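In what follows, chain A forms one complex with chain B and a second complex with chain C.
Then we have the complex of A and B:
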């Protein structure tokens, strides 16, 4: 009896030890980044791991070198537009693919999935050509348009729509709701966790998006946060304290969003795998 | 449905055709450059100076990283849409020829519009293709050997002992310095190839022939440089780090006796205020037994290009600043950007004794810059540099040098389509 308790404890101990090590590995870079934002460049290079008193100085230098508020504003507007539009668009698509299911829609879905295999770099030049011809450079629409509909989000909504009971739809139809009302009043409220997961993923992707904005945003006024952080490391002299302050400011919104929606996020991702 | 589709297609074509055009002359100068503390700060000071005499001219400086400028040029050229480009843009010297050769429609030939008298010959050569000038030289990448004088004193040496010497002499002295101080003399990023390029340029040698053919395997200067470098690494005189940041770290925490790089490295050195008065610079050792070997070379730096079809005349007029000694004098204190325009060395800020170094270090660097032999970069510079860096790493790990260089040459030839 005592042997099995011992075994159980040893197992638990090993599991915790493993988890502690893994959490340390995951959290350390973030810790180092936050701490370094409080230190001077020399202290960062010297490997100092406790916060110093230079945060305000680093932020002041950052503000002096870069238009932080413009970048934050642009990143927020771009990201919120993408989240709102892509969630609307992809949830309707995912719902449609699953609820009005037929053989041809499956084939279209297959094609959509295939398009996930085409790397973005392969599309970049033709897309730049199109967007510059349409006058979308340096504009929010240039950032938002390519991200409104993504095969991944459609797939996420479609898979989660499978768990949505068909009987409810039938009942709603009998009760006289039209198709749009069924979607808005029945489907959307039930699928809240899926929306939360999709919002988290989309928020992170578009907040951290770097390559495409680099291609189409050419003015100081259209700069986004990741572009701003990248700008900090291009000089002959790199001020690591300032870089880390920039990285911290850039990371905070995604961390906040993730913590807010964490529970729904894991639920929906686990749901979609089932 | 068909009708709507065809209307849309026609509309798209009209829009697309309408945009294939050069930017209109709008009396405004747009500039693309990177680094707010260096290039951008210099251009801002320049813009202020220019606008004093030309209050009507609007000057807009946009921050764009160098690789993004290159991508934007490529995209604009491929899309036939040059109006997405600015009037003036900065280009890394090592990329300049590649960009002009690949996208000649973007760059203005300014040979007959601009006076190149007074600029370092090697510097101007970076942006010269077949005798035609496409770039206005800006900052120097003149190589300096910078030493911690306190460490040298510990070993019984002064900077003068390490001036005008050969690499063989350097190796002997460096061994003693390392023994007495317990510190490597120099530090460099492993696998970057920078050192070899610095050494071969100091002999006026290049990775390419004048005809543009790759020249690695039978290049005596390259072989000599790699041998010298590998021996120094094996003896622990040069410390190789895995990253650039780590390399800068060794300077900041004083774990090496010096550094050997483009003069812009002084910016990182001078940022360590507690080391003030402990540094001095000199020229670099020369390669033994190689024809044309000197003590001067270059690493880094960039030049300004003017795009075609934009406000070329206005841009050229604005760029006369780069022939103005007062401009170089004005930008030096805030940016540490060192001129490649010889007359600048007489400017007050250049001749003044630098507080950190205790010598008029900037005038010395401009003078070094005038003695740098020029080299050929061509369109495949970075391919050759990467291939050579692989050869160096393999050689240090015990491979045969001739075989490695032959292999590197094949790699570059393959990239060039031969």
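Then we have the complex of A and C:
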């Protein structure tokens, strides 16, 4: 009996040890990156694990090499535009698909879902042709337009609209609200958690996207943060302290959002498949 | 009398039609955008894939499928195809199994610090693909951190040139991918595990089922639909791998770790631009994603 208790304890110990090691591995590269932003190149490569006093120097060098403010401004404008427009467009569509659903609307929904399987690279060449013909290269609209309507968000809002009580709609109709007013005044306020989840996931995706801006942003003035960070490592002599300062600046906004909205972020992921 | 009884019925019909129309108006902008930004380019991609010549002077090739024929003679493309499938075959199963193990460990009722563990394992998802690629590239540099630590611990006698070795470079990409995406998949599993009745596990434990058996006999069958979704998403994602190939290894050494998307980007924009050939290669990815998803759905349905 005491043997089995001992075995049970050993098992639990091993399990916690495993989880601790795995959590450490998950967090360590990020910790190391933040710490390295405070250190010189030699210290970074040598494996120094505590922050030094070179953060200002690294940031100063970074500003000299790259247009950090331009990239930050572009990334914020691009991302906020995508979040605002895609939430509006996809939430009203998801609501429309669910509340007014009939055979044909369900079919259209099925068709839109198919586009989730289309890999972006498969569209890169024609999209570049289309966007250069429309004169959208190097412009915010070029970044924003393909990300406004996504099947993922439509599905998220549609699945969550299912929980929206039909009685509220009926009551609002009796009170004389038109359909758009019902959506704006009744649906939007009750679905605030879903909007938070959708905003989090859209912010992350837009902020971090790299391939599409690289395809259409061809001038120094239109560079985004991930592009800037990638540019840092293309030279022959790489200052790793500066690189890590850039990576840290690029990562901070998403990490901050992650900690504030972690719950809604996980809910967004989970809600997409419910 | 009769006209009175017809009238309300008639007006209700138009009311319903009006509501249905409102519904169409609500979903119209999103639908048009997806058709314009996804289906229309898809058709165009196919047409361009049958063309040759400079981007400004594209014309149909003779024979039409010439670009598709050329792919199989193109060594770099074949390497990129092989690399992408190497990543797919190793990374996706390892990652999904790890995610399942984490999820079932974190789903235990009496586990302490559950939230902390979950946050830690999930945290890599918050990083940009480019950012974490650069962090890994720096860590695995020849004179970098990983070598320094391994030598200090006497696990290595001399530094390994990870990123300049064909196998090493691919291994680092796979390690990086697993690091970045395991937590993401874990969240899917964790949230669907919460809907499994916990008493099933208690009953199984009383019957003497080991944790491994509980995982393979109870959890996995019940999570089958979500495992299928994550498998399809990861397959799709891995076939499109781009940021890591560019920012971590730059496809090197000598294209040994280049992915299909990276090669397509290079064919489109970097060397002498060849839109037709790039479109043909990308259309092949589209077909592969469709076929692999269909196979996974079939297999998932049967079991």
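The rule is short, and it goes like this: the second predicted complex is superposed on the first by the 240 of 274 C-alpha atoms of A that agree within 3 Å, B and C clash if a C-alpha of one lies under 4 Å from a C-alpha of the other, contacts with A are read in each partner's own complex, and residues count from 1 in each chain.
We take it that a residue touches a chain if its C-beta (ideal position, glycine included) is under 8 Å from a C-beta of that chain, and two chains touch if they have at least 3 such contacts.
Predicted model, so just to flag it, every value in this text is computed and none were measured.
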item	value
Clash-or-fit label for the pair chain B, chain C on chain A	clash
Touched partner set for A:37, first chain B, second chain C, both or neither	neither
Partner chain in contact with A:154 - chain B first, chain C second, else both or neither	second
Which of chain B and chain C A:92 touches, first, second, both or neither	second
Winner by number of chain A residues touched, once chain B and chain C are compared	C
Which of chain B and chain C A:196 touches, first, second, both or neither	neither
Chain B versus chain C as contact partner of A:235, first or second or both or neither	first
Partner chain(s) touched by A:133 [first = chain B, second = chain C, both, neither]	first
Partner chain(s) touched by A:215 [first = chain B, second = chain C, both, neither]	both
Touching partner for A:46 - first (chain B), second (chain C), both, neither	both
Touching partner for A:125 - first (chain B), second (chain C), both, neither	both
Selected from 116-124, 188-196 or 350-358: the stretch of chain B that, after superposition, runs into chain C	188-196
Intersection of chain A interface sets (partners chain B, chain C)	45-46, 125, 128-129, 214-215, 230, 240
In the complex with chain A, residue positions of chain C that touch it	19-20, 22-27, 29-31, 33-34, 37-42, 44-45, 48, 55, 102, 105-106, 112, 116-117, 119-132, 134-139, 141, 143-145, 148-149, 152, 179, 183-184, 187-188, 191-192, 226, 229, 232, 236, 239-240, 242-243, 246-247, 260-261, 264-265, 268-269, 275, 278-279, 282-283, 285-286, 289-290, 293
Interface residues, chain A side, partner chain B - complex	41-42, 45-46, 65-66, 125, 128-129, 132-135, 137, 214-215, 218-220, 223, 230-231, 234-240
For the chain A and chain C complex, residues of the former touching the latter	15-16, 18-19, 22-27, 29-30, 32-33, 36, 44-47, 89-90, 92-93, 95-97, 99-102, 105, 108, 112, 115, 117-130, 145-146, 148-151, 154, 179-180, 183, 204, 207-208, 210-211, 214-215, 225-227, 229-230, 232-233, 240, 243-244, 247, 250-251, 254-255, 257-258, 262, 266-267, 269-270, 273
Chain B to chain A touching residues, read off their complex	12, 15-16, 19, 34-38, 62-66, 68, 71-72, 75, 78-79, 81, 84, 245, 248-249, 252-253, 264-265, 267-268, 271-272, 300
